[in-house]
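Next up: some structures, all given as structure tokens.
First chain A sits with chain B, and in the next complex the same chain sits with chain C.
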Partner chain A sequence: MSSYHRPPSVAEALRLKRELPGSSFIAGGTDLLVQMKDRVRQPTALISIRHLSELTRIETDGGARLGAATPLSDLADDSALMTGWPILGEALRDFASVQIRGSATIGGNLCNGSPAADAAPALIVLGARVRIAGLDGERLLPVEQLFEAPGRTRVREEELLVSIELDPPLPSGHGVFLKKMRTAMDVSLASIASLALLRDGRLEEIRLAAGSVAPVPMRLHETEKVLRDRPLTPERIAEARRVARDEVRPITDIRAGADYRRHIVGVFVQRALEATLEKGDR
Partner chain B sequence: MELNFTLNGVPISCSLPRGSELLLDVLRGPLEQTGTKEGCGKGECGACTILVEGRMVNACLTLAAEVEGCEVTTIEGLAAGGSELAAEQRAFVEQGGIQCGFCSPGMIMSVRALLDRDPDPPEAEIRRALAGNLCRCTGYSQIVEAVRRAAELRREEAR
Partner chain C sequence: MSPYLGKARPRPDAAEKATGRAEYIHDIRRPGMLHAAIRFSEHAHARIKGIDTLKAERIRGVRAVITAQNTPEIRLGFLRDNVALKGEKVRQFRDEVAAVAAIDPDVAAEAAAAIEVEYEPLPALFDPASALDEGAPLVHERDAAGRPLETNLMPVHFRHSSGDITAARSAAAHAVSGEFSTPLIQQSCMGTAGALAEFDPRMNLTIWAKTQIPFLAQRDFNSALSQIGLAGRNTRVIVPALGGGFGTGLDTHCYEYIAILLAWRTGKPVKILYKRDQEFAYLSPRQSSTVRISQGCDAGGRLTFRDVHVTQDNGAYGSWGATYPSVMMIPATSLYRVPNIEFDCELVYTNNTYAQAMRGYGNPELTWALESNLDELAEAAGIDPLEIRRINCNEPGEVTPMGLRVTTCGLRECIEGVGERLGWKNKGGWGAGKKRGVGLASMVHVGGSGRIYRSDASGVILRLDDYGNLYVASGGVDMGQGLHSALQIMAADSVGVDPERVFITQTDTSTCPWDVGTHASRGAFTAGNALLMAAEKMRRQLFEAAIDLYPDLVEQARRSWIRANPDTPPADFDWRASVAPERFQLRNNLLSLRDTPPIPWLEIDLAKLIRAAHFRAGGGEMFTVEAFYDPPSELPDWERGQGNMSACYTYGTQGVEVEVDTDTGDVKIVAMVSVLDVGRVINPQALRGQIVGAIAQGVGYALYEQVITEKGRILNPNFTDYKIPTAVEIDFPLDLEYIETDEPAGPYGAKGIGEPGLTPTAPAIANAIFDAVGVRVRDLPITPERLLAALHARYDDHIPRRAPNAR
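For the complex of A and B:
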């Protein structure tokens, strides 16, 4: 039994949240309504944020600012965004169904705090930050530091994730997103995002992040260390594959065993780097 | 609270005693529009697919309150004029895209949205557009055929 509220502004949404104990913000509802049906969560009130124009704008001018309540399909339809940051498009392409992508929001994907959130690895390698608003002001936090534990993020109970902010794209950076699912609509078993800048055969910059292989989406710092500022060779790729396997901390669940997940991460790191090598300098 | 929206071209006004009622329950319950089906209730099967402002939506994961002021189309409103079948429906009947029929209302709404966006989609796009509509009977091949036929019928009608 929850009441429904549609505040006219972010400020009003934050005020309502404090006023209504046990309430939840709701954006697309594709996580929250399922959790309510499963009786995992039973909010007393739903505060809808999907109609707030402050939260549904996409701005690209060098960098980009994505309103947190923007549906994924609106992001995928934004050609400036998809041209500048194609790895985001790759991460959204195999996301659920047309129906879900039309409702599900990018902010909801992050705030739900799932280790399998598909937007997370891509946003992490892009160095994205989230803007978080509370009654006493705003703060910025790198997406990499957003996740605390499964289902828990650093967005506090009375705060709202307002936007996701992207730096201008790396000139000639090469992004790859790979994910393993059992079926098209299933939660990913393991995913990898890679952003690389290859110059004269050396990896000037390399950022790797993985989903579904640790309690939270994680950056693969150890694997990056093996690669950064070094020539990208088949031997180096093989080494990175081994390090990535050891770096992740997967669990065994009904979808896959931990060993299999480690294996997939290694294979994906290899494939991503091979794709960068094949594309070559430019 | 009071909800006002347009259902298949008709202005509707109904009350939401709780506020958090799901659109699917309101359609099938008080509004007695049972063409839209409930399969999984969790966004996975697409049996509840309807169009809100022309966009495919899972009615089982949509709060009724969210469609305030919106144009909602369900399978009942697909055929213009009411009695005859729309091109998409005729194509599904002709091509055997329907067996038990439980997935059909949702499937056909997705086809409407797809063909509104792309009047002649290639097979890969058809399959991608229907990834969120499960069918336990047909094996999908007849459904893809039905979509091709629907596209043809629509082009003929447009002429």
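For the complex of A and C:
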């Protein structure tokens, strides 16, 4: 690494990125610096973006716009955000440690491209979009389509993820986030997010997404199909558990076996739906 | 009553550590110091065909590149089966093939990576069973003396046989067998390994080493000096502040000899430090083991036999860890009363990473099997698990089949204490659907050191300066366990000085007296006893000096008192008649006479007495005394498994309540109780630290920790992938109780307590899980995945809301 830059604006940051081939943006640095230490990534230059106020704002006015360089702890401390989209709070609550949450940013968690990114399943079920800026302008992409492969997203080399945008919360939607770790400080070995709208015992809307059980955070479309527009019954939940187990594509690694991960996804889908059922039509 | 003993007091090193002043190996720098890096093997087993160091030598800043070809061979290890740099072949992934000294750590690492090594891979062995197959390749073709070897079985023998096990087995009313395994465990010291070696102009060596055995290390390093042509030169071992030991410091290590070789080659101080991933990959973990055990009892639940066979995957070289069975034999023969016993073991060379000692030294492995299996026996006999332990409880005064002479023994109180505190009597009737259960397990360990060497002694030197400060030099190492706290309190109490006036000398072989090493929970026991002997000498010398000097000092004190308080009525007490050595007393740096009225000038500041003695006309004296304590124990005959290896034994019981999530396999500890016979509490604060820390390690052993290897390569060399419990996992109510049996051999009645805390934790948890869900996991760690697999095997996906064994 030969130089460190602190550009005054997003536009300047993008220009630097084009000028400095092999450079990398840095925000919280909680992943990048570890990878640099281990020489997994060796950027030629670092371009800091965490000081840019346009990237660290949280705006809530019906919907929400989260600056990509906002630390996770700032999101968790924002009461309007936590009240409107509580599932996001659940996903961030047990995220790593207090120190990491103080530094790691929401955009960084997504751009790292980890299949285990805890924020991803929650943002996917919320229907969140990311705003991506390039020198030629901006584009919007659903979070669901952001991930390409482990460690790879659709944010191109000369682009910068600038914000995450949320639609107004579903009226009476019920969100649940569950994750499984080995100890309290761990990369999750399976996680799921569920957002359900139960009316008169029927699931009017259901969105399910899972982390750490496929090459990228994934939406559980097959499982949703079993549930959508149907009465939510214990039998239906048992079926959803089976379908979810088959729908995910986990691998075996040192944290857990593939079969165990499938099993946990099934259990979590069941638990999330049971929680929705218990909460009822309110 | 002692003003300091048994009272909570922060450790003397606490403030230094909390404020970053303590000097660890990482902090020590010497003028002109170079940094070392090691090139490790890339094969589990291979012949070295050639090493090309040219590219490495040409890198700017490199000062030396060494290999087996250009340095003398240094042999090490308890079987001398290891060499510092490997020349002929590599036997594990972490074998040291070459090393570099350079001006900074990055250059050293770059140069180490630039060394080119050509290998001829050999078939490798990754488990004891295949290593023992007929025709298996040999990890070592020859022993240290050059004699050909024919097997991968290590030449170490630990056996015990007593009574008639065949007859007892056929006569038993109930008998159960099981096979239990434990994984490789990383000691997880907060401070990683490192050393700094420096030769003085006379070619004497100083080495700052992360060691628990400074004096045996001095011997090892002196022997290395001989091997490099420096016979007769000396090594000074200095032990910096240690961020944990846990057994890693019981051996000397290849990296230390490599630092010595590089310092010798370059003429500069050379430092080597392991980073966390290197600590995982290149330092020896706790051995993995398999224990096959059967136990039987009569109709009344009295144990009639115990048959134990241990297999240890030793890895590629022998460390002191290869003597684990010496300690395994203690619980195998002496936990509960069992008349007929067989114990044997096989230690097998493989191409896995070689293993070394860790806290408990074989005892947790054996207790895991024994106490899990005892619950199975209780189940088979229809006896309550607590009751079967009471029936077979050890008692004071008994001599066990191994010849251990039990002096004090609070095991019965420990078992019953756990029962009471855990609410064992009400253990039936957990709410339906709440899969909760309780379990317990006990332990016995050496409490009065463990003799595994011809001397098991500790020396202490006490010195009082002219101002009444007491310096304690001990060869015992404080690696975080709090030995210095125990010594501070015992010194203050036994000599009679203020604890704030006690200074513990940094461990250094040039200033501290000999000590065999800090292991076997022995530090406070042996160094404490040596300290009490020295304190007695010190007091005798002080009181003898006081016979002549005290009257004048009192007279001076009286005069200055009266000058300051002219209205003082004259005291008509004839204190001179009381002056005799046995009448003196010394407390809190004040010398006075016993049984005298409270006359202020009769209390003399110790410093005044010392100065009076020091500067006495016609020949003064200094107050420096030493003592050497070797405990009353025997070096056992290991082939027969006989001998009283410790001066006394520590007992204890832990009880656990768990809640099992039968959907995910998660185990949550609801509460834990630990009752230990510690002999006597010296510092409750330090003791609590020892026990809580040990229990956290025990919980990790039970539920989370395992070094995962694939064909000899370690896959999880970091704390992201190797899980130790966090504060969240041990955030359960922990009820600690101590039984004070006042051990006659112990200093102030205390027993060793460093290792007992983690020994029964894993089986207690496993027994509680069985109580909760009726499933027994026999392999550690009990991960959710393993427990779930066991649940599914037992209940075939239809896990009952209530465990069948729930009462």
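Everything below uses one rule, namely that the second predicted complex is superposed on the first by the 280 of 282 C-alpha atoms of A that agree within 3 Å, B and C clash if a C-alpha of one lies under 4 Å from a C-alpha of the other, contacts with A are read in each partner's own complex, and residues count from 1 in each chain.
The rule is simple: contacts are C-beta pairs under 8 Å (C-beta built on N, C-alpha and C of every residue); 3 or more make two chains touch, one makes a residue touch a chain.
Here the structure is a predicted model, which means the values were calculated and not measured.
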If you stack the two complexes on chain A, which partner ends up touching A:255: first (chain B), second (chain C), both, or neither? second
Check whether A:264 is in contact with chain B, with chain C, with both or with neither, and answer first, second, both or neither.
second
After lining up the shared chain so the two structures overlap, which partner does A:42 touch, if you call chain B first and chain C second: first, second, both or neither? neither
- request: For A:233, decide between first (touching chain B), second (touching chain C), both and neither.
  value: neither
Inquiry  = Between chain B and chain C, whom does A:6 touch in the aligned arrangement: first, second, both, or neither?
reply    = first
Just checking: does A:185 make contact with chain B only, chain C only, both, or neither of them? Give me first, second, both or neither.
both
Winner on chain A touched-residue count between chain B and chain C: chain B
*Would you sort A:98 into first (chain B), second (chain C), both or neither based on which partner it touches?*
first
Margin query: Let me test your reading of the model: by the given contact rule, A:33 touches which partner, first (chain B), second (chain C), both or neither?
Written below: first
Can A:79 be said to touch chain B (first), chain C (second), both, or neither? neither
Where chain B and chain C land on the same part of chain A: residues 184-185
Note: in the complex, chain C contacts chain A through residues 663-664, 704, 708, 715-716, 719-721, 723-729, 783-785, 788
Given the complex, residues on chain A that touch chain C span 180, 182-187, 254-257, 260, 263-264, 267, 271
Listed in rising order, the residues of chain B that touch chain A in the complex are 1, 16, 18-20, 22, 41-44, 46, 49, 55-58, 61-63, 65-66, 68, 110, 113, 128-129, 131-133
In the complex, chain A touches chain B at residues 1-6, 26, 29-30, 33-34, 37, 46, 48, 50, 73, 96-100, 102-103, 184-185
